[in-house]
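Here the structure comes first, spelled out in structure tokens, and everything after it is commentary.
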């Protein structure tokens, strides 16, 4: 037998001035199931809570209804009070007679009548409430970071410094990512390698960090606190434990015509290589597409010369399976392909390059050892023209609709560096807008104009063409309302950036959502910007949206804080108001899994009795309560009504409907 | 026709959304007739956007535009400056009142395969 | 039609004999030529004694596979074009394991509706032969000729479906291609005023005796336990509960099968009260087509339905009426 | 209570389903801003608009509601990422379908109300109540079937 207690709050005069609280409490006394009904000035006060606790104990209440302010205000307070009195906290319902009643109505009779109905509705619901237990799931105290760029490195270091084990999975042969390719960084112009490589070394030497380079995530199972991840360790053909990074193999390798991808293909590298001098791990890798031995079976020179016997042509991909409590995605970006932008002549002219290529051309460790020479004839370019927004802010379908955010600043940086190193060079920049929000950013850009005399032209380039070996850049100068053609020696395109394509696979494996531009979606654009909607998955760097280095590092550290906050817990409390299928009615039709934003629903084959001593195997839905967030999308898509939501069950909501409509 | 109606008419005739323009000037950057035009392609878009149509209706540029559609091809925002030029040109021609052909009669006799340039030159030829 | 039936019989017998399949789902002779019923045949003898495929085999056999395909061994089934959509939809919903079924696609040149024939005054039908658009009916009183389009099942009148799945086919006569608008009746209703529509449905639904025939025959209504039989659903209702449940039943049923209904038309075929139930489902299909792009359930055996997916720019419910819908 | 309703002019019963994160909070804001709307609007709290089953809407009409309104987060703002996108499709189809059966289209409505739109919540409710009041009592769904002996 249900024993319901009702507590009507005055909220001082907030409720009592428009709702006759005593009358409400009195009227409700005669409701079936109600054994106690009282009113009090401030239910949420210490005394008010005491009143509730006492009544629960004295009257053996099985459920309580509080007529008070919005549940968004004090539901938690009253649940806690109930729990302290020995009543399951989910046997509490709130009738919102303040925000939804006393505050919006003026007529006392009308408001009192409505308050009675609202309390009745809550009673109808609480009668169908079931005691719920917040579940617990263990937390594996180890984190996975996918991507070994600056975002991944920073996140890993911060997590490891807090004392948790971290694995970095990096698909390339070394960590470092895009930042390792950069020459200088804005707005301070420090050398990128000088600030990045010490962090890379820290990672390698940190006892809590394990770097799995040349590896990819292959499969992810499980949920927050309890992920099981299968990682493919691609065959390097070099024993990582033996290689000392002496580079004799690189010297001796006869196949030297491979494109050096680290240098954006601007020069060549041997088939066995270490991507760059400060690579971590400092271990060689063989490109099987290029290696003569692996392609034809003949050669084996590197093996002969290797002093430690690290070369192993027989190496195969291997798999490791590890458990993690949290996952940070930091898969980074790449510049877009420029095939759709014929007008800039990127594919036809060697001297039309992208900004990232320019970074390598300017870098001391780059193909020209830091001397700016143009690719076609190794001459010093005298006139350099930059074109902004190549493929950014483009809704025509050729490019990307968003602003790539970093181009304005790095172009100012390039322009400044060139003018400083080669003062006889003329530098032009075609821009649509110059966007410089950030500390010391606008000052930096203005310095390029005012101090270094970079020629900024408001307008866009319509065509780059080759005339007698000169690059003619034709565009508009909107301020002067003229069309101009600039004879240039080098043209640099600020190509839009896009998420690294491998992010799609990662997102699918993690059931993390992704937007139309392939950026990972954050849980809340403003308030949960580093969390994926999938619990236990965090986002750092450009995989979530365009950003520069300081922003990436901040986000990575924020991720780390979130991960640490998760990993210090031994167990996770789960929201008990989750979906729950009735297996006896489930068709196993997959409709519910199709609408689940969290991937909380899986299917299992189960044996059921079907009468006559017989059984049958049926596919039925299974909700992981640690992953389900309790939205209820699945409950509506389920045709048989097998799926229901605890705390908001169909029957509960229908009883509320009935109580409201009863005349 | 009031000015507002005329603006609306021009927008409709051009079939392009001038508010999408982000003022990059790429259209004027590669216009082969730029020098001859007293009002430049990007100005057609911004002037229509700002409702300055009297200037547009009086300009010479509509007769210099080659209808090569380079500006349409180049625009990163899917705006068609040439279509605005053409809309102004059509409006001017219709305002001359000596149409050999009525605007209402055009749709049924226009073959989809006839290039736009041909239609425009036909306009010019038979309407002056 | 006789030639098709013989070919089907021959193939089914061969499949059973060779042990390739353990049973064949087909149609079994009834008392008269016009009441064949779905049946499972497990031996050559059973086939020879009872199998039939004639102008009255309108029943959709797909739904029977939910149970039959779970049995030991492979199950062969004869599927008409429209039936294959239901079959695919059931495969998509994991109700049928495709590997356990051997699908024999059979030709269909429309099936006849004996009720319509009887309404034309033909009774004591003993045999039917169809030549082009002439239906030659042999009755106890002699031979009569009916115009075929007048007496085909409603679902066949607007059918343009083709086989979506087959392991082999038995097609001896090609069906002429044609263009029909299956939404004509829905459009007619849409063009009415609210009051007229209400009057129409009130008249139709008042006939419902809540026999559940529509639910039982519907391949989309194949829930292990129906929501109306589930006390936890809050809408459980016993048959003949004479309150509101009838409408609730038809509205909810139509909603539950929306996006999954292949428009096989079985609901209307079996309704003893001749309620045009397919017009409910077809409204959903038409709305889905216009609002979210054309979609035919059962064309594929995997993927999402229009109600389990979305686009960011979908039409707002309030705009559906304003004529602002895309 | 019966007497009161008979004396006054017709006041419709309105059931409003509000999602916990946006619309319910919007209703709270309407309250704390003292923005009135008629007392015959009663709100049911659901975690997300996508929890609202068409069966609930029908149940409300069956039990004598004269209008049903569903409120959720604006598309793109759903607390559960995609929930309201499904709601939008479901309700577009359901509302259209109910109208197809001859139920007045003014009795059903879906509005996106954010937690900041207290004023809008109140305005929407006022408007909806007025719209339903003009229609009068909801009889059609209960009358969709001719009762015995009628």
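Letters A, B, C and D mark the chains in the order given here, with residues in each chain numbered from 1 onward.
Operating definition for what follows: a residue touches a chain if its C-beta (ideal position, glycine included) is under 8 Å from a C-beta of that chain, and two chains touch if they have at least 3 such contacts.
Please read all numbers here as calculations on a predicted model, not as lab measurements.
Q: Would you mind checking the shortest number of contact hops between subunit B and subunit D?
A: 2
Q: Which one of the chains is closest to the middle, using the mean of its C-alpha atoms?
A: Closest chain centre to the overall C-alpha centroid: A.
Q: If every chain is reduced to the average of its C-alpha atoms, which one ends up farthest from subunit D?
A: Comparing chain centres, B lies farthest from subunit D.
Q: Pick out whichever of the two, A-B or C-D, is joined by more C-beta pairs in contact.
A: C-D
Q: For subunit A and subunit D, let me know how many angstrom lie between their CA-based centres, rounded off.
A: 36
Q: What whole-Å value do you get for the distance between subunit A and subunit B if each is reduced to the mean of its CA atoms?
A: Their C-alpha centroids are separated by 46 Å.
Q: With centres defined as the mean C-alpha position, give me the subunit B-subunit C separation in Å.
A: 56
Q: Two-or-more-chain contact residues of subunit C, please, as numbers and ranges.
A: 227, 233-235, 307-308
Q: Residues of subunit D touching 2+ other chains?
A: 54-55, 59, 82, 86, 90
Q: Residues touching two or more other chains, restricted to subunit A: which are they?
A: 595, 637, 650, 653-654
Q: Throw together a list of every chain pair that touches.
A: Every pair of chains meeting the touch criterion: A-B, A-C, A-D, C-D.
Q: Looking at the complex, which residues from subunit A come into contact with subunit C?
A: Residues 582, 584-591, 594-595, 603, 616-619, 637, 639-642, 644, 649-651, 653-655 of subunit A touch subunit C in their complex.
Q: Under the definition above, what is the set of subunit B residues touching subunit A in their complex?
A: Residues of subunit B touching subunit A: 20, 22-31, 34-35, 40, 42-43, 70, 74-78.
Q: Residues of subunit A touching subunit B in their complex?
A: Going through subunit A, the ones touching subunit B are 343, 389, 393-399, 432, 458-463, 474-478, 481, 483.
Q: For a test of understanding, state which residues of subunit C touch subunit A in their complex under the given definition.
A: Going by the criterion above, the answer is residues 70, 92-95, 220, 222-227, 230, 232-235, 256-257, 260, 304-305, 307-309.
Q: Would you pull the subunit C residues touching subunit D in the complex into a rising list?
A: For this pair, the touching residues of subunit C are 186, 189-190, 194-203, 205-206, 208, 227, 233-235, 242-244, 246-248, 251-252, 254-255, 258, 280, 283-284, 287-288, 291-292, 306-308, 310-312, 314-318, 320-321.
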